[in-house]
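As structure tokens, here come the structures.
One chain, chain A, appears in both complexes that follow, with chain B as partner in the first and chain C in the second.
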Partner chain A sequence: MNRIGIAPLACWILLPLVIGLSLLLSLCLGAASLSPEQVFAALTGTGSEHGQRVVWDLRLPRALLAAVVGLHFALSGFILQALSRNPLADPGILGISAGASLAAVLLVVAGAMLPAGASLYLQGEQLLAWLPLGALAGGVLAAAGVYRLSGAGRLTPLRLILTGVVCAAVLNALMTGGLALWGQAHTETLVAWLAGSLHGREWHYIWVILPWTLLGLTGAALIVKPLGVLRLNDEQVLSLGVNLGRWRLLVLLVATLLAASAVAVAGPIGFVGLVVPHMARWLVPGALLHQLGISALLGALLVLVADLAGRTLVVPFELPVGVLCALIGVPAFLYLLKQQP
Partner chain B sequence: MSLNAEQVQLGYDGSTIIENLSVEVPMQQVTALIGPNGCGKSTLLKGLAGLLRPTRGGIELNGRSLESWPRRELAFEVAMLPQKPVAPEGIRVRELVEYGRFPYQGLMRGASREDRAVVAWAMEQTGVAGYAEKPVQALSGGQQQRVWIAMAIAQQANILLLDEPTTFLDWGHQLEVLELLAKLNREQKLTVVMSLHDLNQAAQFADHVLVMQQGTLLAAGAPKEVIETEMLASVFNVDADVEIRADGKPYCLAKGSMNRCRAPEWMKDAV
Partner chain C sequence: MQGILFWELRLPRTLLALLVGAALATAGGIMQGVTRNPLAAPDLTGVVAGAACLVVILSTLASVDAAWFPLAGIAGGALAGGLTFVLAWKNGLMPVRVVLAGVAISAVCVAVMTGLLVFSGAEAGELFFWLAGGISGRGWEQLEQVIIWIAPPLLLVVALARRFRVLLLDDAMGRSLGVSVSRWRLVFMLLAVGMTAGAVTVAGPVGFIGLVVPHITRQLLSEQSLGWLPLNAVLGALLLLSADVLARLPVAVQEIPLGVVTALLGGPWLILLMRKDFGRVG
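Moving on, here comes the complex of A and B:
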């Protein structure tokens, strides 16, 4: 009987509460702070016009997006670490982030070089609309290339990681080169995007990522059982009757879609995919399903809190969420390392 | 039931390890596979488990070529425990043993009543029920090996292949594992094929011994027919006495390696 232990149960109850609380805080705090009453009034449509605009159009979509993006990165990282049997794996390691970044830079550069028909302002608008889709395509293409180069059906986890690291380095070099050569007026926008940012993200971005969230969560639920077995020796996996090649591809696909869609809307936010799975495994030892779920919740919480801190710590400036995630995540990671025997 | 290889050639990516080998695995018996390092024991076991496709010849299970068996159906017949399995980080004993039920379960469906009963039985048989909720990595080498065997027998296959199940264990735990396998063979009619390095253990626990050398099968038969002085000299380069004991099993006592370093001629004068 798979009894739910105390630790997972506590996490399943506490984490959503903490996430809800952080969400509320995100709605209250900011350049102009609102009281919880004002926020509730705005949410129910009875508040002032200004409050309504701040809560509905700015803070709510941004906070929701932070949580969703965090969930994506953490789930993807957890799945990749289990698949590669490597605790250092994360969405960056498959070249997903680098591929998406390169695609974003190329898209912006190409946009800037198009014959000047539309005004610059219009061009910017169109670019922002196309950036997520381009980045998503770039991330998926990069992961597909890494999969192909590491031997497709015959890949080993080690070969996957090595190929991923090499490809990510090449893609990053190309991206930096593209930025240096043709970035020009857009360099600032692009650098902000590359640091991982949720600045100015409105509902449009939520609608862009939501289908992938639903697809990713369904996929994760479907692969969690084979994923557990895939952590064993290849020979054992095969003798348990698992079609190794097919399941590896499916698992990779789910992890790639989750990570690439998140990079597409928020830029390559590092460390979430690396650190959160470790926290989840530490919190709920044992059952993979619980670890996967807790990972998703923790990821959402981490990015939500990081973005809140980035918005409110150095007012009137704003720190990119990627920077805050590293600043919060890395000490936590080092602490966990120290806890290990 | 039958498992046999016919003039089989096995290898990896172009390099041939096993050439023209034919063997029949005796059902419901314990078979020990012996031979020096690199002679192809692991390769043969992988071939018999359907993990390695023969480049020539064929391996048949129940009269049907292994390649034509769907993976899942094959899992009901043959279980394999590789040489050094690594437990996923933080996994508990019960979860690992439950993986043995994977072929019986659907994607979404959890463990059935039968699955749980089999897992409990497997842990009972192997004596790991007492630490079902402990992380596998916290256990000793001997306990871990019994957990892996529990997972393999939870698969309820008729044939269990083990690649050097005793190699990383101390003497006492080696005997424990071998006694466990002998018991499973006796009580569950489990067919066991394992590679072993200790010839006396092979003689003591196996009904049937296969001797391999450089990718070929040199001899096959009951321990006392196969384990004898000349074989030990030619296969292992060991100068040994073999004594047949009261229970009819041979016992080897090594006198020395036959290719040990000898002092060069000029040194003899100096001594």
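Moving on, here comes the complex of A and C:
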């Protein structure tokens, strides 16, 4: 498409503005409210020490991470929906998040159980750096398993979704079991992580996920064209002389990479990948590239706002962002299900 | 010592395993038969999650006496299951639609439960273990609590097997036999929900039994046969008992949660079944 229409242009301009505004809000609001002036002072390094600490060390990395994680889930969901030609696809529903979580949990448990010498690389920040890789392996395995079991080449949308749901159920049961087995001392932390939480996320989480974000964005840009082709009928695609299986695998890999790395730092936040692509398609019908970009921005906005709401609504407590996203996402999912022929 | 081990620990636990397995499997058979839907099991339709959710709500927010849990579970399970079927309804109940609506309803229940677990703090560990599913440490007390919710419905279902057989036919044929199809359908669904809720309150959300067992029994005996529902109960009881024995084998420091064993046994089976039998499911 040579000329950008009015709708995409408006979205591209407005969404970053709204995201910026929400970012500012999430720097201001919280247990200790700061005025925008105090926030700016802290950001430029002229504020009080307390303000510096709150803004730089706590709120800014957390808000940025929320945005990045939202972008990951939304892009992954968009790609999966286009790939499976299924408006109900989502990394959570297809079992990718569950596979990634299971692998991450196994890594954490192994780190805690191995003798001190052996687990040198499985502790603290080293462990954190390994987590995305582990989660990616788990996510890829789960995605590949779901893909194979649902009949690989003869992939029909319904088959894929059903197989995904069942695999996710099995993986989730294993994960809950793994956690329960590991002992009750850590359950509070882990329950929070499994709920999808951004509590206490500081800068090193950003550095851990950033390479994956860049890789994922590059991958997403590369697969725009194949994705456009894969949205057609199987017969139409085959008549173009395209190797369907290989393309699907590549596209699936990019979606998995995005979802798994986000799971590794924030836990399995569901339904972002389900809802956001629909909003994007509704806002900018037609052009795939715009939809992909708008999805990413909308996902960032959604998780940012959900996290802000989760930590300011019921103050002494903090609602995990995953819980809020599920509460927003499920009605949308049910509405979409009603629309299905 | 041996007497205590046998009378106070192993015997009640074994009886509970049999009871829970029979309840879940029969409930699965009923739900699959009544809705003519091979995937309509208590766990996939949100009944299990709904029951668990209301129990968690009552125990964290209202600190209600444990004796009320089965009732709360029935209410929650009926609510969630009913909602699933209402939402999935579109010119009939398509299996895939039921499963997807059930996934959504379960997700809401899990979100609410997780939120409450985060608030409840100290009890989180205990609740988390319950949510993994298992009957370790359960004794006569729990058995007495739930047996009234499981055994009478089981007996009733066996006694009403003739009615159930009619429900498997199509509606017009049932009516021509002089049976009020929709009323009996409701009765059977409520019995199934009651059994499930009883099982969930004592054992936590143990998955896959209600889904897989009816598929196995269908290979052994025709659904139309009067012995089909009782066969489900027997096989479910056996399966859950063996899963529980596996769960407490001394391989790990701690017991493996029962839900994990049933997922490991049932999950692959289910996936294979879906591969083979997809035509009926989709």
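Here is the rule we go by: the second predicted complex is superposed on the first by the 273 of 341 C-alpha atoms of A that agree within 3 Å, B and C clash if a C-alpha of one lies under 4 Å from a C-alpha of the other, contacts with A are read in each partner's own complex, and residues count from 1 in each chain.
The definition used in the following text is that a residue touches a chain if its C-beta (ideal position, glycine included) is under 8 Å from a C-beta of that chain, and two chains touch if they have at least 3 such contacts.
Fair warning: this is a prediction, and the values are worked out from it, not measured in the lab.
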TODO: Examine A:Gly177 and indicate which partner it touches, taking first as chain B and second as chain C; both and neither are also allowed.
DONE: second
Task: Partner contacting more residues of chain A (chain B vs chain C) - done: C
TODO: In the overlay, answer first, second, both or neither for which of chain B and chain C A:Cys167 touches.
DONE: second
Task: Touching partner for A:Ala7 - first (chain B), second (chain C), both, neither - done: neither
TODO: Figure out whether A:Leu283 sits in contact with chain B (first) or chain C (second), or with both, or with neither.
DONE: neither
Task: Partner chain(s) touched by A:Gly228 [first = chain B, second = chain C, both, neither] - done: first
- [ ] Go through the superposed model and pick first if A:Leu240 touches only chain B, second if only chain C, both, or neither.
- [x] first
TODO: Classify the contacts of A:Leu217 with the two partner chains as first (chain B alone), second (chain C alone), both, or neither.
DONE: neither
Open item on the list: One more residue to check, A:Lys338. First (chain B), second (chain C), both or neither?
Closed with: second
Task: Complex contact set, residues of chain C against chain A - done: 39, 43-44, 87-88, 90, 96-97, 99-101, 103-105, 107-108, 110-112, 114-115, 117-119, 121, 124-126, 128-129, 131-133, 207-208, 252, 254, 256-257, 259-260, 262-264, 267-268, 270-271, 274-275, 278, 281-282
Task: chain A residues within the chain B interface of the complex - done: 1-2, 82, 85, 87, 221-222, 225-226, 228-229, 231-233, 235-236, 238-243, 281, 285-288
- [ ] Show which residues of chain A lie in contact with chain C when the two form their complex.
- [x] 88, 93, 149, 151, 156, 158-159, 161-163, 165-167, 169-170, 173-174, 176-181, 183-185, 187-188, 191-192, 194-195, 270-271, 317-320, 322-323, 326-327, 329-330, 333-334, 337-338, 340
Task: Of all residues in chain B, those that touch chain A in their complex - done: 46, 49-51, 71-76, 78-82, 85-86, 88-92, 95, 99-100, 102-103, 105, 107-108, 110-111, 116, 135, 155
